[in-house]
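Take a look at this one; I'll ask things after.
Chain lettering (A, B, C and D) follows the sequence in which the chains are written, and residue indices restart at 1 in each chain.
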Amino acid sequence: MAIAQVTIVPIGTGSTSLSDYVADLCRVLETEAGAAGSGVRYELTAMSTIIEGELDAILRIVRQMHESPFSHGAQRVSTSITIDDRRDRAGSSAQKVAWVEEKLRGVD
Amino acid sequence: MAIAQVTIVPIGTGSTSLSDYVADLCRVLETEAGAAGSGVRYELTAMSTIIEGELDAILRIVRQMHESPFSHGAQRVSTSITIDDRRDRAGSSAQKVAWVEEKLRGVD
Amino acid sequence: MAIAQVTIVPIGTGSTSLSDYVADLCRVLETEAGAAGSGVRYELTAMSTIIEGELDAILRIVRQMHESPFSHGAQRVSTSITIDDRRDRAGSSAQKVAWVEEKLRGVD
Amino acid sequence: MAIAQVTIVPIGTGSTSLSDYVADLCRVLETEAGAAGSGVRYELTAMSTIIEGELDAILRIVRQMHESPFSHGAQRVSTSITIDDRRDRAGSSAQKVAWVEEKLRGVD
């Protein structure tokens, strides 16, 4: 299981608003992550989409998300992906946040 | 108002667990954002910290967060910052997510 | 043709020096990019590796590079990829830099 | 001494070409890095600008570069900064690359 943070930005679209493009990306993500047996979960934040699951499943979905702005008219797309892949200990996205919050509360 | 996504990773620390360092970063952030008149809000995600406020206030806080792992023994730190600075329309972190969710529900 | 900037960092390795890991990544890249018909070119900078070619070829190679630190003992790896994919005009890595340098010299 | 990799992208400009904006950024960088005693060096790559020097000097310059697209008409700017700050051993940008190349040649 890996966790990835993904930001996809169309360039030169003539409007500073990107929410239409982001909604389209999210539809691709919903469909793919929702497919039977994908094992992929995701969350939208103000700066990116956080996707967790098997790394190859994540990358396959990101590859399709990257195509989305092009199929809605964009001619140039900048995609940033950061992958956190930890193999010594399973840790979901929720657990990573919980571990930090425990430390903040002084729980050990 | 700008929004920034910040990830700070100590390198060569000998343990794959980073939650102690992240908790320390969060304490710096809590103190600084909580200072009277900072106008800065933040949120911890599984991959980064999202900080919103005046850009100079954000950068001043990130500069202090970057110092945190060094003051806890790290000798090398990798810090990544992505800033989204939009000046034609005010949009908080919560609003950016709400705009996308409205599109997803077909509301215009 | 797309251009990607890739940084792969093993976490918790106990040493601040990463050059052994980076050299291993580069060997994977050399082998893959050098394979007949790959059409992939690359360049090492102080902060990342810049790879250009067909997007799917780039992603396949990055996927293998990401595996490299694990096969040399790392238990956690952070990989960052930024893709610039422009489809209205072909522009190699060298041309992108040349266009900016022309503007800087006042050539139009 | 730190090394930073910086990418500044104006959003919604109506053209997929960004070289005018990048040239403007580079002029800001040239002026600031060239100022007496700045101690800052830089290099333009196809994906980013690599800047090395004292971290506070780097951040001050990046802050000014970030303003550049706004003063040329952009209304939204996305700026990404990755900082590599190593304090146990001095290593310039050129040295980081040289260390990897030595490993690749089998020199130790």
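Methods note: a contact is a pair of C-beta atoms (placed from the backbone, for glycine too) under 8 Å apart; a residue touches a chain by one contact, two chains touch by 3 or more.
As the structure is a prediction and not an experimental result, all values here were calculated from the model.
Of the two chain pairs examined here, C-D and B-D, it is C-D that is joined by more C-beta pairs in contact.
Between the CA-based centres of chain A and chain D the separation comes to 26 Å, rounded to the whole angstrom.
In terms of their C-alpha centroids, the spacing between chain B and chain D amounts to 21 Å. Mean C-alpha positions place chain C and chain D at a centre distance of 17 Å. Among all residues of chain C, those that touch two or more other chains are 11, 16-17, 75-76, 78, 80, 82, 84, 86, 88. Taken together, the touching pairs cover every possible pairing of the chains. Residues 11, 55-56, 59, 63, 66, 70, 75-88 of chain D touch chain B in their complex. Against chain D, in their complex, chain A makes its touches with residues 9, 11-18, 75-76, 78, 80.
Of all residues in chain B, only 3-5, 7, 16-17, 19-20, 22-23, 26-27, 43-48, 50, 52, 80, 82, 84, 86, 88-89, 93-94, 96-97, 99-104 touch chain A in the complex they form.
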